[in-house]
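Each remark here refers to the structure printed beneath this line.
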Amino acid sequence: MLLRARGLTKRYGKIVALDRVDFEIEEAVTGLLGPNGAGKSTAIKLFLGLIEPTEGTAEVLGETAASTVAVRSRLGYMPEHDCLPQNLSAAEFLTHMAEVSGLPPAHARSRAAETLRHVGLFEERYRPIGGYSTGMRQRVKLAQALVHDPVLVFLDEPAAGLDPGGREEMLALIRKTNREFGINLLFSSHIMGDVERICDRILVLDAGRVVHEGEVATLTRETETVYVEVTARQDELVAALRERRVEARVEGRMVVVPDVVDERYDRIRDALVASGAPLRRLAPQRGTLTELFRQRGGP
Amino acid sequence: MSAAAGRVYDLGFRRYEGPREGRRCAVLAVYKNGLRTALGLGRGGRAKVVPWLFISASLIPAVVMALIAGAVDRAAPGFDASKSLPSHAHYYAIAAIVMVVFVAVIGAELYCPDRRNGTISLYLVRPLRPADYAAARWAALVTVVVAAAWLPQVVLLGGLVLGAADPIGYLGAHWADIPRFLLAGAALAVYYASLASVVSAYATRRAYAAAFVVGAFIVSGAVVAGVVDVLSRETGRWLALLSLPDVPLYVNDLIFGASTAGTTAAEHLPAAVQVGWFLLVSAVATLATLDRYRRLAR
Amino acid sequence: MTEPAIRVDAVSKWYGSLVAVNDVSFEVQTGITGLLGPNGAGKTTLLKLIGGAAAPSQGSVRVLGGDPRTNRAVHRRIGVMSEHEATYDLLNGRRLVELAARLHEVPDARAAARAAIDAVDMAEAAGRRVATYSRGMKQRIKLAAAFVHDPELLILDEPLTGADPRHRVEFQELLHRLAAEGRTILVSSHILEEVESLASRVLLVVSGKLAAEGDHHAIRAALDERPYHVQVVCSAPRRLAAALVELDTVDSVQVGEDGDVVLLSRNVAAVQQSLPALARDLSIRLTRVEPLDDSLESVFEYLVER
């Protein structure tokens, strides 16, 4: 268990940013979700010891976050906003950040070089950051969060503003950070597709309270409803399914078949053959995280 | 013949098992980074222009003074030039404007960019307190300014010694100048650095911070000089304390027993007042800087 | 044939030696059209040209039948939302939208503003100053300001920056509704999965040139040098794989560790037709068939790589 909130409350005058929340963050990739103003940044600041709770405790690795500054050496933070100096090279900047995180100079230098290699920055690391592309900058941002080998890294919208290619690269890098490097992540994002791809668990906040905690696998598990997408002869397919006593309904391009198990798949296959409908896709329906937010007023 | 064994080394990510040091290491790192930033080291040619240009510029008066003293000495040997020509005691008053601009610009460079480009967030989440960061920057600024304040004096001393007819004798007669200029230079550095720090701690843009510092010095100096003449002697003396450029020069004058400040009215006040005021202004500015950074995290 | 809402004809735009848009031609009809491309491809410049904020260096841009740069009547019928614009931070949300309404000479500015603000779910916060808004809220109020005057054409540049999941869903519903009312909407976004569910057609620009346009499935089909990758999960992967390899419509087959089969084919229509019959003839149960590179994301990737 990495982080624990117990009765954690933060008030700013009359505004209650966090209201007696209890939760635990395990060793995993956890998605921290919720509308703007839900208290996500406040929670992160409390765990980083930047602000003090009004009531309750925020514990990091068993220690109260705000009491010691030292615990920050085991945490990493990749902010959403720009935060890199323009006139330093990535190598010098990263070595410096490693030292500020408590690594002695010689170790800092070699650790910085290693980290830059792991995030995919090679010769360019000796050039000033001001000349880097957006993708390269994001890598430096991630590198400074990793260089001191933290136990948990907070990532705030790491793919924001990146074009589709850059977003793909960043998500792959983040996945690698957890799967290959073994670093735990707390990942805040508004793009549910990204969260589904990377996170193992999610924690959803709204108006200062925890409204949902759970495993992504459970929330996105497959149901027994199957979608069949054909490129033509959709009506013939529905008729052929009905002939084989399979009830189906049409939703736009999809033919939706509920309760599909075992030999019902074969009936679908045979109906496809009988109707001559070209099969583009046959896939079970899965839950999506977006459903959590689809209801009126949120989850 | 034995088959050569092939080996593949694991270059994957490894956990860091080395030493982790605390705040001291962090503060030292910020301090070293501050020195490098101030002197433009490792930041390309452009970043070196300003600091090295100013350091050179501050050497010019020293070199000129040394040359003049040497020339006078050769033309009229035995004539103790140090009594009537400008020397160590006068240096800071002569070079004041260059030094103020230097400190203003370097000070702004040390505090403003990190806040402007957002790097400060990365420091605030590391194992050091916000006040530690500000203190390390302050220390770096003081270090650089002290070096820039002492260097010309050392050059001047060297010039005077070498230019004298009897160098050893000159040194023997004037050795007391050395601790004096070291102390005066340090006092000046701390004062300038503290004021530049507090302004840069609040201004977001380097240009504004530097301009404000320089402007405040020039304007307060000029205004006070003009007003003091009009007021009564007693009020004038106290009011002269508000002349920003003169405060460290009062200390300088006390050390050297000279009178180099622009508005000398305050020199009629007790020494304790002059020194006390200098310490108060420096301390308040420094503490305000630390406090400003403490509040940033919220 | 009705005049298209937007007609861009052999348009180029350069800034000194930087060619932002290079000889681009296309038409946009009613409905929702997506504008995609890597950073620096020229999307923002194109949107500026269409919105009338800049003039082309060469070629012509016609919007709703007129020149968007000079024709005031056309201006009144366009709504533009750009993420780069600053907002009047001193105003509160309601005033900002009312101001936009008045600038476009909307008869009852207050009512129109109220309706637009409700549509973007900002009624509660409308009384506060814009400076106090989060980024997502600023985006929503700018969106309200962009359609308060009921424009026929909406040009939206990254409208969802900073928006949380619930608002993203509401925004999609809002755009679908606006489009169903007969409007033309041109949306530029980096989040391809959202553009996929929003837009029926896309325009993809790369380095200032138009690389592709149309429905993304059709674009994919036009990329015929790229074989399709189709994943099949079934009860007897290796037997199916062996049978697939014998088809001359299949280029190659891979069997993965988890027992899934991935086939590559340049004639995917033929495979789509023959796969169920093949499985039936072999008494193999098919439990999943998924095209792996038919999505907008894959199409984008292929086109940018070219």
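Should a chain be cited, it is by its letter among A, B and C, assigned in written order, with residues numbered from 1 in that chain.
Just so it is clear, a residue touches a chain if its C-beta (ideal position, glycine included) is under 8 Å from a C-beta of that chain, and two chains touch if they have at least 3 such contacts.
Just so it is clear, the structure is predicted and the values come from calculations on it, not from any experiment.
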item	value
Reference chain C; chain at largest CA-centroid distance	B
Middle chain, criterion being Cα centroid separation	A
Where chain A and chain B are represented by their mean Cα positions, the distance between them in whole Å	48
Length of the line joining the C-alpha centres of chain B and chain C, rounded to whole Å	57
Computed distance of Cα centres, chain C from chain A, in Å	23
Of all residues in chain A, those that touch chain B in their complex	45, 48, 50-51, 69-73, 75, 77, 79, 81-89, 92, 96-97, 99-105, 107-108, 111, 114, 117-118, 128, 144, 148-149, 180-182
Touch list for chain C against partner chain A, complex	36-39, 134-137, 161-169, 190-193, 269, 272-273, 275-277, 279-280, 285-291, 294, 297, 300-301, 304
Chain C-touching residues of chain A, taken from the complex the two chains share	33-37, 134, 160-168, 190-193, 230-231, 263, 265-266, 268-270, 272-273, 276, 278-284, 289-290, 292-294, 298
Chain B residues within the chain A interface of the complex	11-16, 18-23, 25-26, 28-30, 32-33, 42-44, 47, 113-114, 117-119, 121-129, 297-298
